[in-house]
Amino acid sequence: MSVTYLDAIRSAQEKALRDDPRVFIYGQDVGKFGGAFKATKNLAEKFPGRVVDSPISEDAMVGMAVGAAMEGMRPIVEMQFADFSTVGLNQMLNHAATTFWRTGKPCPMVLRLPSGGTPGSGPFHSQSMEAIYSHYPGIVVMTPATVEDAYTMLLEAIELPDPVVFCEHKLLYYHLKSEALPESAVPAFRARVVRTGRDITCVTYSAMVHEAVAAAEELAEEGYEVEVVDLRTVKPLDTDTVLASVARTGRLLAVGESWPWGGASAEVVARVASEGFELLDAPPKRLNAKDTPIPYHPNLWAAHRPTAVRIAAGLREVLRY
Amino acid sequence: MSVTYLDAIRSAQEKALRDDPRVFIYGQDVGKFGGAFKATKNLAEKFPGRVVDSPISEDAMVGMAVGAAMEGMRPIVEMQFADFSTVGLNQMLNHAATTFWRTGKPCPMVLRLPSGGTPGSGPFHSQSMEAIYSHYPGIVVMTPATVEDAYTMLLEAIELPDPVVFCEHKLLYYHLKSEALPESAVPAFRARVVRTGRDITCVTYSAMVHEAVAAAEELAEEGYEVEVVDLRTVKPLDTDTVLASVARTGRLLAVGESWPWGGASAEVVARVASEGFELLDAPPKRLNAKDTPIPYHPNLWAAHRPTAVRIAAGLREVLRY
Amino acid sequence: MAIRVAGALESKPKKGVVDPIELLGRTILRARVLEDKLGNLYRAGRIVGGVYLGKGQEALSGAGGLALRKGDIFAPLIRDMAGRLGFGEPMVDALRAYLGSRLGPMKGRDGNIHRGDITRGILPMISHLGAMVSTVAGVLVAKRMKGEKGRVGLTCAGDGATSTGSFHEGLNLAAVEKLPLVVVVADNGYAYSTPRERQFACEDLVDRAKGYGVEGHGVDGTDPMACWKVLQHAVERAREGAGPQLVVGKLLRLCGHGEHDDGSYVEKKIKSSERGRDCLKVMEEGIKKRGQEKEWQGWREEAQREVEEAVAKVSAEPVPDPFEEDWRATQSDGMAEVMVAS
Amino acid sequence: MAIRVAGALESKPKKGVVDPIELLGRTILRARVLEDKLGNLYRAGRIVGGVYLGKGQEALSGAGGLALRKGDIFAPLIRDMAGRLGFGEPMVDALRAYLGSRLGPMKGRDGNIHRGDITRGILPMISHLGAMVSTVAGVLVAKRMKGEKGRVGLTCAGDGATSTGSFHEGLNLAAVEKLPLVVVVADNGYAYSTPRERQFACEDLVDRAKGYGVEGHGVDGTDPMACWKVLQHAVERAREGAGPQLVVGKLLRLCGHGEHDDGSYVEKKIKSSERGRDCLKVMEEGIKKRGQEKEWQGWREEAQREVEEAVAKVSAEPVPDPFEEDWRATQSDGMAEVMVAS
């Protein structure tokens, strides 16, 4: 049996619904239809009344979850695409995220964002929004890159007492496969060294982890050992693991699929430069999507986002220093 | 005669209304009432039908401006407080900001955000949102720190063919004064060296410029020369001026009033580390507000945001290296 | 459409029976006395930040708070001191929030009208208008899922707040879910300085009820007993399963938007219209006609004592100390346990 | 409430007079033929990304596009191929957008339904539902400020889009400004898979008109001539200064949400109801009764030729080249002129 990244997300939700009566799912078309990406397929039938179709009202969907969370439930809200969450952003940033600090009472909820680019999805169905959510205090922002993480981290997200933004990558939904669901998990909020190497550290997350690994393989043929670090959770950001890796390699390339200004890659570079300055043998660099809207045409899209080829080039540049 | 930062903003709008028939102002209570902060006082009387009260509908206010801009006007939208612009964010990030790249047609509009903390204004009337707007492509984000800049940059913003987010600092509105309105301006998108020094560079913007200058004065008594760079516009960010300063001083502290994760200070540190690595004699550091909502009580607020005292401490730390 | 109850205030109190006039009268009075004090404290420079009062709106607001029971949910907005007191919020909470006491419900982290305590059923508002509608809806969804029956949620909004997308989405969502939600709109003719004709184009906001598929009730917000009746009825309808109720009261705010504002933009002819009546005076006159002038005087003095005592108490309380603060916006930050999935 | 015009299709064409039946009939037909082709291209793997069709909705959409004049503004949504063609969008624009031609209105940067050309009065939609309402309002505000008279703006939405805060705020704003805006809601009973009872609780969305203070018009969206009449009337009312018009057509989408979707969630009994009629068939039957069967066949063949020619042409066009792209999202980026204020 093989399990996709999407199966993992569905299974995690199913497990949570089964184990915890406080859990429910709310979102457009998540009920009988099973969601635009089928992340909730069959769940409405299995858990009657707990997988609920919402109107097209992102602000109210998140606001509703805030209220339900305050009242002790553990709502999971599915956005149809991450990009539409701009319309529900206020309730997340100003309500969910401020509740614990303002009131001392928890607001445990998960906002699931089908994120990232796929060919032909264009400016409004491709965005990676982790930077926006991470900038504001009060939210945990997860960006799983593997089937295993998709499963264990979503369970974790549901259990946490804080609001969590769960950025799922759409490009991984169907194609990324694993043998089975995992039995154990990497510790919460910890980055993971995906591949060890002593020449340079490539820090990234979500779908870019796979591009980075491909780039590392390319560079291996050229004799370079690239250490790939998967952040897993971008807020809080596991600086320790990143610094430990840079301590081994002396070089850093941070990669993010999102835009450059203020993205996770800027945050990583800033932290390493501040806290690990002496570890660096070369200027730390970052690689991101180009600073334009995300193009519709696959030709443009392929040139817009970081890919294994562009990451390899970036790594070589840092190595050449 | 003395002119306040707020007067400058009002005068710039008045001049634009007078000189350019395409300009109009839209916002809550901006008409006869003159706006919550009086930034449009008397303008409705002087320019009948062009300073218009809006309903409490931030999304539609920005959407309306997008349409008007597409049709050749130059709308200025005033948000009552920057914090409420989360509700109009989608039209700004996904509509105004994408129009030029998607269609080749301009979308020239200005979104005025009364920003930043003041004592007692609390979590929802104190935010600095430049990072959120700068992360998305397609928007110019200005953060004036002086009376002169408030005036010339707002005129510039109105003239630019792009959508501009104009972050005005509320703490400067009434207290910051100048002799007269300026006759000339610093070039657009250029940072400005506010105070020269050869020991360390402090890069900042908006109200923090004044805190940085105060810190620099404090350090001057200790024998250190602090160069203070005012970014003025955070997107696009004038890396050249910043690097030139760091080339002189070898040290960097970037300061932002907003939250740390992915803020302008992270962007500055990341750029300097990447592009000016060899210029640095010490780890570049940053200083921001604490990563919690902005507190209501002045005691807490004073400890939450960067102040001259905290900046001085930050500078000393970098100098000590 | 607006309900108004002529002569209702003159009915005599009956022994042993809850007397709505007395209940609402005392609530209005307590709110007014407290708010007058807050205004004075503001002018004396004792409060940091703004003071937002609900003068003239106490009858509608108070009737809402009083119509609820323990276990219900109340999500007040900026002019709902009377509703809060009616629902049972202690006076001291307001003062602690305004004076920034560390012992207050928000510990000085937030203040003034942004206060509440979810464990007591009072949601602490965020500033963004309209946001509380869907939030209360969420609390009610949760209660329904937990099998808690017979709970009602009530939230308040101004005429201006009805223009927000949030308000619309929240009320629509509640209607789809047929939740026991009462939305009370205090149509005071202005949003800050903006008159209603710049805010919406319908004649009466209660005309929106049909479009949402909810029950609508118009009421003269200056008539205390009309407010009482309408709110009792709306809460009862919600409680018995009739779905969301939209109550629209017409009235005027008899103060500035905040205490920094003199409200000079309010048109004279509105001030002198029926809408500009002070519900407190209406109440007081009724009470007098009822022959309870002495009691009224007593209630007032009692309220004044209560306020002064609370002010004295809170003034002596500690303010927040940044060094003792826990500057963490999440509970789980830093946590790193191994989670074993099974 | 829903208007329906019995027998209207049977009236005979008159020489020298614009014949609405012919105009609308040909528009519906062209849209259907083009969309059928797009569906085939999708299944043949020739299109990247999704294909969203408006089958069954052509009468309402087309009537909207046809009711506008040059100089008016049209902001279509995802199911408005007929409206676009009716308003004058060249077929080739659709194909260029779907096939990603570099010569298309969006040059491959954006695609499919996200196309338009403001200089020709067609606004390129963003995906976020409801967003176009305030945008068209803005265009109309600008035209009014510029002194351009007699222009109408028309935008389309689905039943689901009415739940967005954007839709609400935009329509309310337009009502306050009394703008010449027509909002056409195609109530096809579903938003993707979500049935209308999970979307709103009112009986008929046209009931919302009163609450916005705008004129409302219900129409049977499967009846082409009823759509024609209502849209002509609504556009006329808007043009003569009667403020925003809300047109609600009841109909069914006779395809999936996108071509990836089989729409199997649509209830059988709705499909076989009056609402499930195909406006194209209704049109065709009318045309036949009118004795224009031959013309109809001719129009169809003409449309097919037009589509095939456009496909052939666009298929040979260059696709975008990342190396020739100007990767700049702002025009002013990098600009650094000295601005002298006076």
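The first chain written gets the first letter, and so on, giving A, B, C and D; residue counts start at 1 in each chain.
Throughout what follows, a contact is a pair of C-beta atoms (placed from the backbone, for glycine too) under 8 Å apart; a residue touches a chain by one contact, two chains touch by 3 or more.
The shown structure was predicted, so the numbers you read here are calculated from the model rather than taken from an experiment.
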item	value
Partner chains shared by chain B and chain D (touch criterion as defined above)	A, C
Least hop count linking chain A to chain B through chains in contact	1
Chain of greatest Cα-centre distance to chain A	C
Winner on C-beta contact pairs when B-C is weighed against A-C	A-C
For chain C paired with chain D, centre-to-centre distance based on mean C-alpha positions, whole Å	44
Whole-Å separation of chain centres (CA-atom averages), chain A against chain D	36
Rounded Å distance, chain A centre to chain C centre (Cα mean)	40
Junction residues of chain C, two or more chains touched	106, 109-110, 114, 126-128, 163-166, 169, 172-173, 176, 198-200, 328-329
Residues of chain B touching at least two other chains	54-55, 57-60, 83, 86-87, 90, 94, 97-98, 101-102, 123-124, 137-138, 290-293
Pairwise touch network: line, ring, star, complete, or other	complete
Contacting residues of chain D [partner chain C, same complex]	163-166, 168-169, 172-173, 175-176, 178, 197-203, 205, 207-214, 243
Sites on chain B touched by chain A in the complex	59, 83, 86-87, 89-90, 93-94, 97-98, 101-102, 123-124, 131-132, 134-138, 235, 237, 258-259, 261-267, 269-270, 272-275, 277-278, 280, 282-286, 290-293
Parts of chain A lying in touch with chain D, wherever the complex brings them together	28-29, 31-33, 36, 53-60, 81, 83-84, 86-87, 119-125, 290-293, 295-300, 302-304
Contact footprint of chain B on chain D as seen in their complex	105-107, 109-110, 114, 116-119, 123-124, 126-128, 131-143, 145-146, 165-166, 169-170, 172-173, 176, 328-342
Complex contact set, residues of chain C against chain B	47-50, 100, 106, 108-112, 114, 126-129, 160-161, 163-166, 191-194, 198-200, 265, 319-323, 325, 327-329
